[in-house]
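Consider the two complexes below, in which chain A is the common component and chain B and chain C are the respective partners.
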Partner chain A sequence: MILPRFAFHKASSIDEALALHKEFAGNALYLSGGTDLVPRIKLRLAKPEALIDLKGIKTLETVEQDDRWIRIGAMATISDLMKNPLVAEYVPVFQASLESTSCETLQMRGTIGGNLLQNTRCLFYNQSEFWRKSKGFCLKVGGEKCNAVPGAAVCLANYCSDNAAALLTVNAEINVAGPEGQRQLPLGDLFSGKAGRPFTLKPGEILTHVLIPKKKTRGGYEKLRLRGSVDYPLLGVALSSGNEAVRLAVGAVGPRPYVFDMAGWEEQSLHDVIAQAKATARPAPNTVVETAYRRDMIPIFIERLAKRLAGEAK
Partner chain B sequence: MEKIRITVTVNGDRVETDVAPSQTLLEMLRDTLELTGAKEGCGLGACGACTVLLDGKPTRSCIVLAAEVDGAEVVTVEGLAQGEHLHPLQESFMEKGAVQCGFCTPGMIVTAKGLLDRNKNPSKEQIITSMSSNLCRCTGYKKIIEAVEATASSRE
Partner chain C sequence: MTDELSVVGKRMKRTDSLAKVTGEALYTADLKLPRMLHAKVLRSPHAHARILNIDAGKALRLPGVKAVVTAADGHGINWGVFKYTQDHPMMAIDRVRYIGEDVAGVAAVDEETALEALDLIEVDYEPLPAVFDPFEAMKEGAPLIHEQYARNINVHVHIDVGDIEEGFAKAYLVKEDTFDAAGEAYSTLEPYAVVAHYHSGYLDLWMPNASAHVRAKALSNLLKLPLNKVRVRHINVGGHFGSRSEVSPGDFVTALLSMKTGRPVKLLLTREENATCTRQVHAINATIKTGVNRDGTITAKQFKVIYDGGAYSSTGPIATSIPYYVYEEAYRLPNVRYDGYRVITNKGIRGMYGCHGRAFLAGNEMQMDTIARELGMDPMEIRLKNGLTAGEQTATGSVIRSGGLEEPIRRAAEKSGWKDIKEDRSLGKGKGMGCIAIMCGFPMGFRSGSACYVKVNDDGQVTVVTGVIDTGMGNESMVIQIAAEVLGVPVEDVNLVNADSEVTNLDPGAYSQAAAFVGANAVKRACEDAKSKILAFAADKLKHPAEDLDLKDRMVVSKTDPAKSVPMRFIVREAFFKGTPITGTGAFMPDIDFQREWVKNPYGQMAGTFSYGCSVAEVCVDRETGQIAVPRFTAAHDCGTPINPMAVEGQIEGSIHQAGMAVLMEETRWSDGHLLNPDLLEYKVPLACDMPHIETVIVCSNDPEGPFGAKEGGLTARMNSYSAVTCAVQSALGVPLTHLPLTPDRLLKAIGAGKTGGEK
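Here is the complex of A and B:
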């Protein structure tokens, strides 16, 4: 599959990247590992005038720590983070989600920033332009109808980052640099809740760091997938506990991961959170398995994970 | 669109070439350098048939731009043999019958080479984890895993 024409520039600093973005009047995209973006451009789901490669910005690859945070550069690869002892020690939920991400070769190329900023997915959207044109363009690309659910008023594509669900359970935050300066925000605020445009980043902004509170947690991640490798999640369930708080996140069944606080580990809390998760999740007929199956797996995956973690704690 | 001059080491040879900004590494290898070992399967980074070593790491060359690899070292399946002598992985794939249609084989062998370069004595689980990056529609994988295992154990 042939790429369309675009310009290519390498940035060696954030300022240089921002200046390049301005030069192309906003019609440029930042490139990290490219494992999500390059296929999207091949399918004509993104049509940038220019790509700005961020891999020359070496300060974005490091993992640092202070008293409060583990500070991860957005260009750290999934594979590098899997091997980082801080991840295993403080955030086992993140270790588990990293290990479930795609396959080994793509883990070596894909970055955590790119993984968080992967676009929403749908069986009727992640297709070639030729294929999509034959059905009539859908809501996500500015068309007038949803090809997954006829009559749907909004896009129902799924946000499929395994790691976002995991990081939300440990209250991760992000640093963003843009034309108007830098800002720090909770990871949850990155998501618009709209599948058509899933992120709240302003034009030109770059996700520079992921910050994880440096507190020891217990946790895990369970992923529904057809194959043990490569696949995106059909459902992802992340659970973490630190001190008294227990937090659950459910991903890949809507435009963002959904987060729920649990009162504790006892049966009633689990029962309550499962009911909330089932009521909130929005699985649609836009993956390779039945919608009812994905919906039915929500309580099973939550319960399985919670019981495993409770068992490990004993 | 203006071409970009890159310098890259391919199978030990230093190559200077002009690439289009939207040219993939796979297109550069196959069309410009005529190294047609790496294959285009899905073209979307999902199948692994285009795998080459990029600075030692197995990498899907169909979703990497040629312009991204300026200054890097690339090894393709053509770079594994020593003169007339095939690489032990290539011998082992033949001996174990790990090749059927052969389309995935270059990517499989390069992925296995990446693993054995990192880990001289991988467990069967580690071999399965690494090799599950690549798709094969014919063999059912068993013979491929056996071929990699045999190569690893013969090197001990």
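Here is the complex of A and C:
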């Protein structure tokens, strides 16, 4: 499948990128690693007039620290972060989610910013234009029906970032730069909860940094997939505990990761959070395994991860 | 025997490997010819519709578009492998029968322009009711997809041997089960591509194919060109597995575009087009009834097997038969009835597959384990009891000329430590054994044989000319080794010209595992012919009897007198002087019953010989998540003699990947007529990290007719490794498994159903 024509610009600063975005009157997309965006353009799921490559902005590749934060540039690759000692030392949950992201070659290409901003997925949506047109356009592309669940009123596509779930358990925040200046917000506020348009970013805004509180945590990430590599999660479970709180995030079973606080490690808290997670998750028949199976795996994956981490603590 | 040989039987790097791993090897997509145009195909968006009108006017007016072709540019000839299956027009005439079917082709100066032109071709369709499930398609009143196939039954293969009623009546135990398996994709790494160049009345073509001659013949028929004007040329092929067997609509469209424009035209299919618009693999539903004596001897077998064929016949009669044959070639079936039905549906066309038949074959083997357990027998013992041995005949009358099942079973059991592998249901640990036999060649009329020419050049080096094609399995390297052995030269002295319909002679191609047994046999004979001429010259020169001379290390040498020798090139040059250059010809036609026909007369000798194999899988199943780990896999394969043991091992390993691990995850998924996973992300081909530790055992039965004793090298694992894995999972869980692949969601269902007495 060949790419359509588009203008290509490589920005060397955030200001330049914002100016370019303005120049194309919003009909431009920011490019980082391209592992999500380029296949989308090939499938004509995105039809930008221009791509603005952010990889030339060197300040977005660095990992820095101060007293409060580990500050990660959005262009840092999955592979680089996996090898970063700060990640290993402070946020093992993130280390684990990075390692289970896609495969080695794509880890070298994909960036953390792009990974968080990957679009939602569905077997009926991530298809060529020919395929989608012959099937009848679905809600996510402005059509009138859901092809995965006939009769569904809203899009049920799946948000599949392994790392978002992990970062939510450690209260990560993000920095965003846009035409109206910069802002910092909790990572959780990035998600709209709507599969059709999964993010709250305003037109032209760039995710510039991920900020992780510089506190040591214990944690882990478990991923359900059919193969040992490459695959997107069919379910992702992340768990972290800092000094006081234990926090769980469940991903790939809805349009955003779901976050739950646990009262502690004891059996009852685990039982409660499992019940909450199972009730909140919204898996849909848009992957290669059955929906009921993905739902049934939520308790098992949470329990196994919690027990493993509790065991490691002892 | 291989101890006396210098090249054959030695572990060596395949002659094609270096170019392939460095990226130097060229494939069809790499070809660029002067003035070449680029083609795209307009495809049906409907699963079933009548075509009322096609208007290409606007497309033709787009700058850069050089031609548009539709069925009207052809001759209205339907393609079919057999006369009675000619149902596929290659470009739709008045009706489309699946989403993706070829409707029109465009040639333009570049791919973008061709794509743009597709949107400008206006087609008026009248949608028709469609049917996607073979059982629905067979019902009275279902939409009829081809007028000539009542109830949409395209092929019915009926085999009846002995008296099954009596066989079941006298059985101690009778079991009947139904197994269901989703279809698969070939997942060749090379998506389909064609370059066609029509010039001076000749049509030259390059494309991944399984026999240059068969492809050229089909195109000559479809295009009404004399066969000598259609030339399919040699090119590397990036994977086949059955998918490149037949002429493809892409060949036809590209050829027509080149003929219309007088310019070379290249068509590259996308990964999606490759998955939806080239032939893929049948979904199968197999009902298997087996009767056995108290001692486990099979008394009768009855099969009813439904194959979801998609929209056209393809290799239908063969595909509807092969699972049965590889089974009867393995086991003694005194009374058997097989009814195979291939059913037309409004989905992409289904063809033959190297791993074809998993519902049927794994089903038979799982059922055999259930029977063994009820009889208190070891799964190995019941297989040994029923396995065919050399000298016996299969149910439909093929004589087994070498090998037999016993040796591969014993060797696989020994290597894997079968008796000592612990089965423990509480830990989800199990072991399973799968067996099969494979025909080396099958009846293809006069194309069942192969012919080879060889010339010895003035520097003593050798050129071998053969129709043998290499679609990735190492056939080129294999015939080079054979020529080097016979002519006493190192492999680097042998040049190969092959798989070119103009230059080479007929060969059965890569359809029926015939390359080693048939193609290489012809190469060996041609080289022996050349050798005898060299030795005759040398005898004269050395004043030494030819019978005592041999070729070794580029020399003619005496077998008994080390002082007598002369460089081979001296002899070759002398032959040129005398006006009788050294050349050789050789041919091999296997002993096959040519009265045999897949549907009309399914009895008689199927192939010259058969290979045998046994696989053993060890599994560990997570009962809570349904996930299956395969820590260790052992496969024993009787290839007669390994020409290159390393290449045979590679074939076995590839087979374990493509069948054994695939049975855990590979399946094509459909939403009516739309393929949901036409890519390599959601179609789950197992990855390197998913592979088990593999032990391979090469069994040498030394076939009396095979070249240096060789038979095909590695296909048995392709058709028994899924059986080993499914049998192992069944043994680990103690519940019947009826739906493949064994994805974790299916497995949990089977476990749940096992508690309530069987899956519904």
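The definition used in the following text is that the second predicted complex is superposed on the first by the 314 of 314 C-alpha atoms of A that agree within 3 Å, B and C clash if a C-alpha of one lies under 4 Å from a C-alpha of the other, contacts with A are read in each partner's own complex, and residues count from 1 in each chain.
Assume a contact is a pair of C-beta atoms (placed from the backbone, for glycine too) under 8 Å apart; a residue touches a chain by one contact, two chains touch by 3 or more.
Note that the structure is predicted; figures quoted are calculated from it, not measured.
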**Report entry** chain B versus chain C as contact partner of A:Ser229, first or second or both or neither
**Finding:** both
Report task. Mind working out whether A:Asp53 is in touch with chain B, chain C, both or neither, as first, second, both or neither? Result -> first
Report task. Would you check which partner chain A:Asn147 touches, where first means chain B only, second means chain C only, and both and neither mean what they say? Result -> second
Requested in this report: Determine, under the contact definition given at the top, whether A:Leu106 touches first (chain B), second (chain C), both, or neither.
Outcome: first
Report task. Could you say whether A:Val38 touches chain B, chain C, both of them, or neither, answering first, second, both or neither? Result -> first
Report task. Figure out whether A:Met1 sits in contact with chain B (first) or chain C (second), or with both, or with neither. Result -> both
Report summary line: Shared chain A footprint, chain B vs chain C, residue numbers 1, 4-5, 103, 228-230
**Report entry** Sites on chain C touched by chain A in the complex
**Finding:** 43, 45-46, 99, 111-112, 115, 270-272, 624-626, 664-665, 669, 671, 674, 676-678, 681-682, 684, 686-687, 689-690, 743-745, 748
Query - Complex contact set, residues of chain A against chain C - result: 1-2, 4-5, 103, 123-124, 126-128, 130-131, 133-135, 147, 224, 226-232, 288-290, 292-293, 296-297, 300
Query - Partner chain B, residues of chain A touching it in the complex - result: 1, 3-8, 31, 34-35, 38-39, 42-43, 51, 53, 55, 103-106, 108-109, 228-230
Query - Contact footprint of chain A on chain B as seen in their complex - result: 1-2, 4, 20-24, 43-46, 48, 51, 57-60, 62-65, 67-68, 111, 129-130, 132-135
